[in-house]
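Have a look at the structure below before the remarks.
Letters are used for the chains, namely A, B and C, taken in the order the chains are written, and counting of residues starts over at 1 for each.
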Amino acid sequence: MLLKIEKIEICYGIIPAVRNLSLEVEEGQIVALVGANGAGKSTTLKALAGVLHPRVGKIFYKDKDITQLSAYRRVPLGIALVPEGRQLFSTLSVKENLRLGAYHSNDKEFKERLKEIYSIFPIIKERENQIAGTLSGGEQQMLSFGRAIISKPKLLLLDEPSLGLAPLIIKEVYKTINTIKMTGITIVLVEQNVKMAMHIANYMYVLEAGELTIQGEPLKLMKDENIKKAYLG
Amino acid sequence: MIKVNYSNKPNTFSGIWIPFGVGLGFLFVVLGIFNLVLDNYILHIITVIGIYIIAATSLNLTNGYTGLFSLGHTGFMLIGAYTSVLLTYKVSLRAAYNLPSLPTLLGGANYQWPFLPALLTGGVIAAIVAMIVGYPVLRLRGHYLAVASLGFMIIVTTMAKGMKSFTRGASGIQVIPHYSNLWNVYIWVAITIFVLWRILQSAPGRAMLAIRESEVSAQSQGINLMKYKLYAFVSGAFFAGIAGGLYAHFTRSIRPYEFSFSMTFFIVIMPIIGGSRNLFGPALGASLLIAMRYLLKPAEEALGVYGLVELIYAALLVSVMLWRPGGILGKESRAK
Amino acid sequence: MYGASYIYQQIFNGIVLGSIYALLALGMALVYGILGLINFAHGALITIGAFCFYFLLFKFNLPFVLAIILTISLGGFVGFLSEAIGYRKLRGGPGLSLLITSLGIYIFIENAIKLLISPQPYAFFNPPFLNRIINSFITFRVIDIFIIITTIVIMICFGLFVKRSKIGIAMRGIAESVETAGLVGINVNQVITWSFVVASAIAALTGFMWGAKYGQISYNMGFMPGVIAFVAVVIGGIGSIPGAVLGGFLIGLIQIFTVGFLPLGWSVYRDAIVFTLLIIVLLIKPMGILGRRESM
């Protein structure tokens, strides 16, 4: 098991946003975490990335307890987050954004990885010296992927990668997710768009108001009447 | 009979004045006893404490309650000090002290103002200057305001140094009549705290607190930011002017640079250490720091370790900021 | 009214003073960009640098270059300490608590120097080669050239550092968003520490420059240049390092011109004029001359 969450509770101040959540991610899979707006999906991902820390419960990564490890220490272990809304350094250039994604490697390693990233995302290469804030939405999403992948993650956390993008671009993004999966990276995918997630995921968790309600393989869940009613319309 | 006031606004005449009267009476009984049993040196210290209580408490109106961190308070003290001194200065001494170009309006050809009107004029002039300076400067927030108000203080002190015909420049004015004493200083302490308490109870006071919490939401509640910022700044400056006047007529000699950065630092940290969200926090801070100074000064001079007192103040300030951000009287031990 | 030579002399003097302010403003802008802190303690580093160099060179007779290197190192170390002790815990708290703490740290260092070294000013002697006077169209000493050239070199290095190096890029990233910086894997504490170290090391070097140029050092010498450096940051445009440098040179020139061209009585006002300018700039162009909202 690459990742294992045991009964975590995450709070903002004193208000819990996620309660009693347990979840497992097997190596090489795409695990989807879906749910309505405000269900606590981003909060969960932030706890996995180390931006937030659960008050109760534990997070194991490769059987190691990483619950209290801060974000910058998780990146070198192979956990990278593509945050909701991209969160690029909008005043820095594309290349500088990537440099910070590869913060834990030296300049020589960075150059090599940069080539790999450019081969996966050719659009980014063309925009190398452009200020990130001036990229289009789709380009920004690609850069955000690139910035995460350049750190050589084993576990990639994607928070609503399709948010705010045009349908055609969303298709591109999902193609890219598949490509990333092919390179052997395990993915936790957060989506509101359940249909999209179902097509790509190996396993799926549904989060409602901070608690897990349903889980299973997408093919089975697709047949479930309740799910159909609530999420697939 | 004790009347219990259930509304939190004691608006009745007795509701306002009874606490003031009782407090003042109590204060003066205590001071009377002090006057009988303590020696002159200690009474001197207590008087100095009183002057700094006025300065620190009035500064806290902006720095503590309105969230406007000003470093310009001593500029207003300087204005109050010089104004009142120029008004009360003995005519017979003017020529000898080289203060010739004073317009007759200020002192009259051979007239010397009594202390109270001179002191009040000092406060009023400081308030007027605050009005003029505040209008542009109070638009600035946080750090900008801190530096701009510090700039104001530096401008005022250099002007006091430069305008030699009024102020005798860097050499300052000496032989100022000795008008301040334990009693009038503490009457002003009582007035300052009382007025501040009244302001904080009133609508403007609540507006100030709202501005401190968030300018944006204060504005969205329909609070006129500039009006209440000016209200706080100008009221604070008035009492700073009074404190300056009392100070000048107590130490009996003033120089421009007395009112510069050391004194600013000294006054600014009093509310922070005492507790800037408590009406009596600045007074506690002032008492503590000045008592400490008078206790340590002899040691500092005997051992030749100049700077010891300030060193301790600074260490105290940093410790308070790190471990008790609300100050001694602060409720919370950690800032949120 | 004034001869050309006199005017050029004043401009030259303004550039020398402006160099010092610009170097101070550089470090101040870096720290302000990242933490939003006016670091009053920055000025204390000038004093520390001046006294450190004084003792190393004249009391311990170390070679000039070694004394400079040790002075810079001590500055960096004090910057590291002040961040670790004073600021780290308060970051992310109420905005003014950092400022107040930096005031406390300034006063602490100033009075520690007063207590440990002397409440009296010291005369600062230069190594003889820096005092050589060169008399041509304008008159100057070697130290003036030393200051200008060192300033240019530091600025180029600093520019490359911030623009090209990993830590420099990270500094700009943190200035934009601390949270994002953390989640992409930047050790934020370490980078912030570096920014204090770099800014303080440069400030310590300006302490030597100040002493060498003006011949006197004292426990409170750093306050005014420190505050003026911040004014330079604001005038140049908060968030812009080139702006800070420009602001520094501008103030240097203005102060020298105040003394050199205005009637005699005006020289008292050379600091007051700077603050008047500050208030005017803040009112007319709050973003400063080169200020943009976002970037460094």
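The rule we apply is simple: a residue touches a chain if its C-beta (ideal position, glycine included) is under 8 Å from a C-beta of that chain, and two chains touch if they have at least 3 such contacts.
This structure is a prediction, so every number in the text was calculated from the model and none was measured.
Measuring between Cα centroids, what's the chain most distant from chain A?
So the farthest one, by centre of C-alpha atoms, is B.
Could you name the chain whose CA centroid falls nearest to the centroid of all protein CA atoms?
Chain closest to the assembly's C-alpha mean: C.
Please report how many Å separate the Cα centroid of chain B from that of chain C, as a whole number.
Taking the average C-alpha coordinate of chain B and of chain C, the gap between them is 32 Å.
Chain A to chain B: how many Å between their CA centres?
The answer is 56 Å.
Where the CA atoms of chain A average out and where those of chain C average out, how many Å apart are those spots?
43
So in the complex, which bits of chain C are touching chain A?
166, 169-170, 172-173, 176-177, 179-188, 294-296
Would you pull the chain B residues touching chain C in the complex into a rising list?
By the definition above, chain B touches chain C via 69, 136-137, 139-140, 142-144, 146-148, 150-152, 154-155, 158-159, 161-162, 261, 265, 268-269, 272, 305-308, 310-311, 313-315, 317-318, 321-322, 325, 335.
Touching residues of chain A toward chain C in the complex: what are they?
Per the stated touch rule, the residues are 49-51, 70-72, 74-76, 80-81, 83, 87-92, 96, 99-101, 103-104, 107, 110, 147-148, 151.
Considering the complex alone, what residue numbers of chain C touch chain B?
Chain C reaches chain B through residues 36-38, 85-86, 89-90, 93-97, 99-101, 103-108, 110-115, 119, 219, 223, 227, 230-231, 234, 265, 268-269, 271-272, 274-276, 278-279, 282-283, 286.
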